[in-house]
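What follows is chain A paired twice: with chain B in the first complex and chain C in the second.
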Partner chain A sequence: MTDSYDAIVVGAGHNGLVCAALLARAGKRVLVLEANEQVGGAAITREFADGYSVSACAHLLYQLQPEVRKDLKLSPRLASEDMTTIALCADARPIRLSAGSVEGVADKDAEQYRRFRKRMTRFSDLLRKFFNKPPPRLGTKDFKDLFTLGQLGLDMRMLGREEMQEFLRLIGMNIHDEVTERFENPLLRGAISLDAVLGTHLGPRSPNTILTYLYRLAGDHGRAAIPAGGMGSVSNELAHAARNAGVTIRTAMPVKRIVIDNGRATGVETVSGEQFDSLMVISNADPRTTVLNLIGAKYAETGFARRITHLRAKGNAAKLHLALDGLPAIKGLSKKDYAERIVIAPDENYVERAFNPAKYGESSPDPVIEITFPSFCDETLAPTGKHVMSAVVQYAPYALKGGWNEAAKAEFMQTIISTLSEYMPDIGQRITASELLTPADIESEFHISGGHWHHAELTLDQFLFVRPVNGAAQYRLPIDGVYLCGAGTHPGGGVSGAAGRNAARTILKREKAA
Partner chain B sequence: MSLVREPVHQGRLKTPFYPRVEKLDTVNQWHEWKGYSSPDALYCSEMEYFAIRNGTAVFDLSPMTKYRITGPDALDFLNRLVTRDMAKVKPGRVAYAVWCDDQGQVIDDGTIFHLREGEYRLCSQQRHFAWFQAAAIGFDVSIVHETEDIAALAVQGPTSFSVLNNMGIQGLDALRPFGLMHVDFQGAEMMVSRTGFTADLGYELWMDPVKALDLWDALFEAGKLHKIRAIGTEALELARIEAGYLAPYEEFLPADETIRTGRSRSPFELGLGWLVDFKKPNFNGRRALAEEKRNGSKWQLVKLDIDGNKAAHHSYIFAKEKGNKDEIGFVTSAAWSPVCKQNIAIGTVLAPHGKPGDTVWVEVYYQREMHWNRAMAKARIVDKPFWFPPRRGATPPGPY
Partner chain C sequence: MKTYDAIVVGAGHNGLTNAAFLARAGLDVVCVEKNDYIGGATVSRNLYKDWWYSNCSYVCSLLRPEIYRSLELHKHGLQVTPYGGSVQFMESGDYYGSYHDPEVAYREMARFSRHDADAYKRYSADTMRQCRFIRDFLLSTAPDPTSFKPKDLKELARIGGKFMDMGEDRMYETIRFWTMSVAEYLDEYFETDVIKTALSGSGIIGTALGIHSPGTAYVLLHHYMGDVDGNVGSWGFARGGTGAVAKAIAGALEAAGGELRTEAGVDQIIVRNGKAVGVALDNGDEIKANIVVSAMDVKRTYLTCMDKKDLPEKFYRRVENFKIRGSSGKVNIALDGLPTFPALPEGSSLYHSDMHFIDSMERMERAYDDWKDGTWSKDPYLDMTIPTLSDPTMAPPGKHFMSCFVQYCPRQIDGRDWTSEEKDAFGQTVINQIANYSPDFKDLILHAEIRTPQDIENEIGITEGNIFHGELTMDQLLFNRPIPGYAQYRGPVDGLYMCGSSNHPGGGIMAAPGANAAREILRDLKRPNTVPENFGDD
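Coming up: the complex of A and B.
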């Protein structure tokens, strides 16, 4: 039996839902097929131990774009917002970073930080403008593309001569050079380095980690929030908006393949053998999964398939969930601080050293950790008096030597707990249950090839005009009727909805032109 | 552990036939062909040329790049790689083919031998292993570079059939052009194909290098009374132009080596539209070629019959003799053809110029005692190859 739609979205990740909702609101008959039981992709809340729930993958909301909120009339309820980042130190008082200021450092550093953030904010605002536009094609005569390109140049020039030069100087640079040049406080250097590399396969000395830092700021100036009910509530709100717009969402329906006939998409076939017809298939899956598994390399052009094969998309961040029978004591922190974002990155070299083994397929013996206690502000996540810790742990390379077997996971878990214990001496006794998701787990549970948050590394060679690869940067694959709308496309990952919205707008604009 | 390492071979390689070719060489004029030494000429390229057209010419084509393509998806892989439909090429047949990049621009041309069911050999001038590996992503296919493992000779000319017959090869009379067969040569298997680069009656012999010298000796013994001669590349090049065949770096640049846009060519622009089969659902360059088919091509390959006897090497082509400053194209290969008694050339012109029967003008430069002269020569665009004798296709071939 076959069923016919104007558009089929493969994957109900947040970008897929945004894209589907916008297409449906433009009058399209849209079907969303999701492999998992829940909608949301990597933006879900799920129970990991009896009575304990957590945002299973993405846990902080930075970047949900105002344009997306406005278009879909979203107003996610937040349990905690405008979070301060507290950088822990094993033998000294922590420091506190917020969007414009830092506490606990010398005046000179505080002033430098204020200036640094001001400049970074100007640059990230420039980037943000382009996050909500499809990237222009290079070497084209299309007026729209040239206009966007011209605007990028003009906006850059409008920064002023000196600032433009500074922007161009910094954009390819590494964060290490910038923080060591500017700041003296090691905690400050470490915390900024962590922000630049979190979720990537990059260390502070890797090129273009200023770009990744700017990317983090480009949402809400780097202000992090925790949605009430976890990240799943954002996805549920999106799914609600999509259904209201007329989208059909079917969960537990993994797609086996995108059917290509004579060089164009004609629909999809599910693992269960159902066929759905549509001349437009939009993949929320990552580019590698889309081209190599769902379409099949043989149906793509050789050069394009080769570029996709070479896409760098190996995750290096693990996700740790702990069920705790009470809040652990943390040196130098008061009670209300548990609502904030806590990081373990005592200095920039600590972060780089943590990255070193990852280059050779080994996990960090002294990992970098970003910690939240979502249950502190949201009682729905844990039984009364108990708590949940949600942490991002780096580095845990996707391609671990010997693979991520149970022994390797147990060993890494031990490493993390002993690192945490240096700052939270009683953490070991507080744990009643735990869950560790390595990139390999993220790959299998969330169907992201390589288990990378961003679906494709956020580097200049996979950015803007060439994201994910040359020939697919305008959400369109070089196969008629197939589009991408996930984190692997411009601008990238994070719960922003920008890629989904840009994809929908590109598709609708193309239809209008045709 | 010894500190002395095995010497690594450096410099040019020698083909399995080198000891014999070298013995016949009198002019010591060699060039490099994909790592191997290959002769320009052995005594006199004009005389060698006449061996192709009047006797039997033997050319050592061992340096020709060869890949063995096997596996369950061998046919599907080839169909994805090349523009023509390989399903139509049955075992025992050979197909000329081109392969394109994503933009539908020709990377190279070559011949594909369907050796046995599902087992192929692809021969080309250039190396393409990386591209083939990329094209094989998603296919269950094995691609093995076998240039070194196969010794190959081209045996071309009107008496070539008689020579091979004398050598005791059975069943040759039934072998049609673009056919191949496996025969026994002194207890080893040899593949014989009725193929070549000369548009004349001719064969190519392919076998294990171990027997190479025995094969050479048997061949020359059998050809004694049939004007058999070893030849170099210059003679073959002249025959190639007469045949109207394309040569990479002459008629086109491999698309993966061009830097400037517009310097590569599509199959349509090379007059190879007949090799593009849109009935195949997917092959490299299909999208771009379909678009070109709809919108028209920029360039058109032409064969020119030029007045006069001065070869029009590297000449510009004009639409009119006078009053037209803008050239419409240029000559890519040119020669005085001894066998056709014609001044011939292959060139490329901007479409829609270049229709068969059109007249164009070629600006020929030639030197007389240091001084350069320039002549505008009238040229006709011809459709057919300059040299295409009936004996090329006759089966069984005549016993010349």
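Coming up: the complex of A and C.
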């Protein structure tokens, strides 16, 4: 006897939950199957040492789309919000960047920064509009596709002639040229470069890094927040909304395969051997896992399978968790600054040099790091008086030469601690426990092929109409009944919910039309 | 004093082409050149005894056939001899050759990987499709997507229509091709490192990008979209060296009644009441003209040869931010005889080919890392040819001329000028790399000319010595080239035009910017057009 559903969502990542909730609210009978014990995918909070909890993968919220908040009536409680970015310098005072201004730099740079952010915000708003609708297909005579394309053209024109020229020029450019043309302060150039490359396999000199920077702003304009209780609380809130709408969520139920019968999906089979029937299977897993592991290349047309095989998703960001017996001293910071976002990226060349080894499968000897102390404003995460550091460390290539064995991890850990020590001399003595998640660990723990937080590199050749690949950019795979709703689809990763929401809307619209 | 209809500044191949088409329309034209020879970087020079060096550009393919025929360059002595294939010498002692003959090429590829040999057909069809798409835009002005002028809208619609005609899948493939890196593009077809390496070179020649930088797949086209006698993708040597191209165009210019003046460097473009009225020469002379056309790169034109106050501030700043990056050098060598390459079979046709001495993608990318660090590649990517094997006119009998194009080589070392020791060390790097594969090479060297981007800049005048007069990145292509809003060969000053490689469609000995600018000028002057349209080859 098998259970039958209108739709089965594979994976309870935040996008899967958004998609499931929206389908259920439209009256569908939806089942979500999650491999791990907890819902949330890469957006979870978990204990990594006795009494110390942390957002295990994603740790900052800056892109949750207003449309998703509104549709699901979400109001995540925030422990720290509108965070300032503090860029550290080993031998000078740090600078502080916020969405509209920067402190600690010369007046000329401050003015340039204000203008730069204003323009970037404007461009990211333009992009954001398109992030909340499925990308149109090209070359069709379908009215909706043409309308969306026309709107894109019109919105660009509405920028005004000069700004449109600037948009078209900047969109393919690299962040290195932009920051060196504009700013004199190396810390400012470094911090912006870091924002443009974090989570990608790109360096500041790689063309396309303006796009990744704009992507980062396309939500809350780059205003980062830490949810109270860690990122898991956002997922829990989503799961709650989904359950309220009637969704069945089953955890610890890894899916073995999507059952294809006569060229169409008929359900899923779990690792434990259970079968669930549904004529609609929506995968929150990354595209490669979905097509090659869950479905099987033999069910896909050769060209399509080849495109999926070549999808680029080499993760480069490692996640570091430290249990600390107290806050480390940081040069030039006052007590309240520990609630902010702290970055180590002293200039754009430092970031570029950190990237170089990653191209050859080596980890950075001088990594760039994004640091938060979530326990500082959320005492539920660590025992009283103790603290947690949650950091993204780049670059740690997924395909490390020789593999990520214990020795390689220990060596990289050593590198990170020595880099941190330059800015926080007593960090070494404060550590009571630690955990380092390399992209390989992220792959195995969160089932993301390549351990890439966007599921597929966020470059123009894997963007919009061609994300993840042509033939699947509208959330539908070329196999009947199978859909994608994860970060590998338009618009991409980050805790935004846009992909899940777009997928649900596409599915519902399609049903209505049929 | 006489007032010309037009002055063209710079007698490079684009300046000459532009002047020739204007002269053919009946304009009274003078083309002025700072050096005592014409051609700019399209030049053959006698720098050692009886040797003629193609000491800047060295091969020919991109020259638009429409221009060749229209200017009757064959009548003015231009002959282009195709040459064959390329070879990649490997550290293992082996080599990988590529050949014109598809059968031979297949067998050689299959020696490394049958998979790759089979994939090549798909690769070549896909790449050629992109070439065909772009070839159509070369001899036309890029439309301005921000303009509402009927001409721009019409051209946009034409391009849009052509794009739509490809069909949905190919449209996506085209978008991907234009934005991805050459390394990733090749990864989609091939598995063998040395084969990928051999094909990747064309994605980075002349650019300050690495093979993994997004956008380099497109640069590939700048090396594939040319042809020799209609054979698309072929390369050839101009008989007598590259200077023969410039000489032939100059012949066409003079036949049309145009005037050519060498040793007439322009100090300043004179603007009066917001209109260009002539030029002041280095020697103090002034030449008056109704219009001034600059074949110099955009930075040299506006930042060096003009008064800042004659230009809108925003435009000036954009020119300052235009990216022309010195990324390649040149080593030209006179040889006492033909060096032997023991890896190759005796008498191999590959002696006539482009030779390369790097055999892995990692070495290609690492060469770029050196450039980023402000120095020349210690293990550079060379594109080496021995043109005298195809063209004996360039050296005495039995002797040879060798041209080594070197990627990467910066304009400055760590932000300062080159010292002579560094320049020598750069030359030695190149010579040593070749000597690793040719034991008798060093003993055959009679004379070597080492050229860093700084030398090329000083002598030819191109900013940073960049072969394309500006990076071929997306932000500087088509309607963005050179400056958004000024991509139609007109600058912000009345009567001043641009016809150099900083303009669409870019550099290489293509002559398209020169021709396209002439068409726009004649349109403004309401004169009949003398510039050929793309006659379509597909």
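Just so we're on the same page, the second predicted complex is superposed on the first by the 514 of 514 C-alpha atoms of A that agree within 3 Å, B and C clash if a C-alpha of one lies under 4 Å from a C-alpha of the other, contacts with A are read in each partner's own complex, and residues count from 1 in each chain.
Everything that follows uses one rule, which is that contacts are C-beta pairs under 8 Å (C-beta built on N, C-alpha and C of every residue); 3 or more make two chains touch, one makes a residue touch a chain.
Here the structure is a predicted model, which is why all the values come from computation and not from measurement.
Peer 1: After superposition on the shared chain, which partner residues are touched by A:G150: those of chain B (first), chain C (second), both, or neither?
Peer 2: After superposition on chain A, A:G150 lies in contact with neither partner.
Peer 1: Can A:L292 be said to touch chain B (first), chain C (second), both, or neither?
Peer 2: After superposing on A, A:L292 lies in contact with chain B but is clear of chain C.
Peer 1: Going by the contact rule set out at the top, does A:G385 touch chain B (first), chain C (second), both, or neither?
Peer 2: neither
Peer 1: Does chain B (first) or chain C (second) touch A:N262, or do both, or does neither?
Peer 2: first
Peer 1: Thinking of the overlay built on chain A, is A:P425 touched by chain B (first), by chain C (second), by both, or by neither?
Peer 2: neither
Peer 1: Which partner does A:E301 reach: the first (chain B), the second (chain C), both, or neither?
Peer 2: First partner only, chain B.
Peer 1: Under the stated touch criterion, which partner chain does A:G471 make contact with: chain B (first), chain C (second), both, or neither?
Peer 2: Touch partners of A:G471: chain B and chain C.
Peer 1: Name the contact category of A:R137: first (chain B only), second (chain C only), both, or neither.
Peer 2: The answer is second: A:R137 touches chain C but not chain B.
Peer 1: Tell me which touches more residues of chain A here: chain C or chain B.
Peer 2: Touching more residues of chain A than the other partner does is C.
Peer 1: What residues on chain A does chain C touch that chain B touches too?
Peer 2: The answer is residues 306, 471 of chain A.
Peer 1: Of all residues in chain C, which touch chain A in the complex?
Peer 2: Chain C residues touching chain A: 145-146, 164, 166-169, 171-173, 175-177, 179-180, 184, 187-188, 209, 212-215, 321, 323, 362, 365-366, 369, 372-373, 473-475, 479-480, 484-485.
Peer 1: For chain A, which residues are in contact with chain C within the complex?
Peer 2: It is residues 137-140, 157, 161-162, 164-166, 168-173, 177, 181, 202, 205-208, 306, 310, 312, 352-353, 356, 359-360, 459-462, 465-466, 470-471, 473 of chain A that touch chain C.
Peer 1: Please output the residues of chain A touching chain B within their complex, sorted ascending.
Peer 2: 260-263, 292, 296-299, 301-306, 309, 471, 478, 480
Peer 1: For a test of understanding, state which residues of chain B touch chain A in their complex under the given definition.
Peer 2: Residue positions touching the partner: 76, 80-81, 101-102, 131, 134-135, 137-139, 281-282, 284-287, 290.
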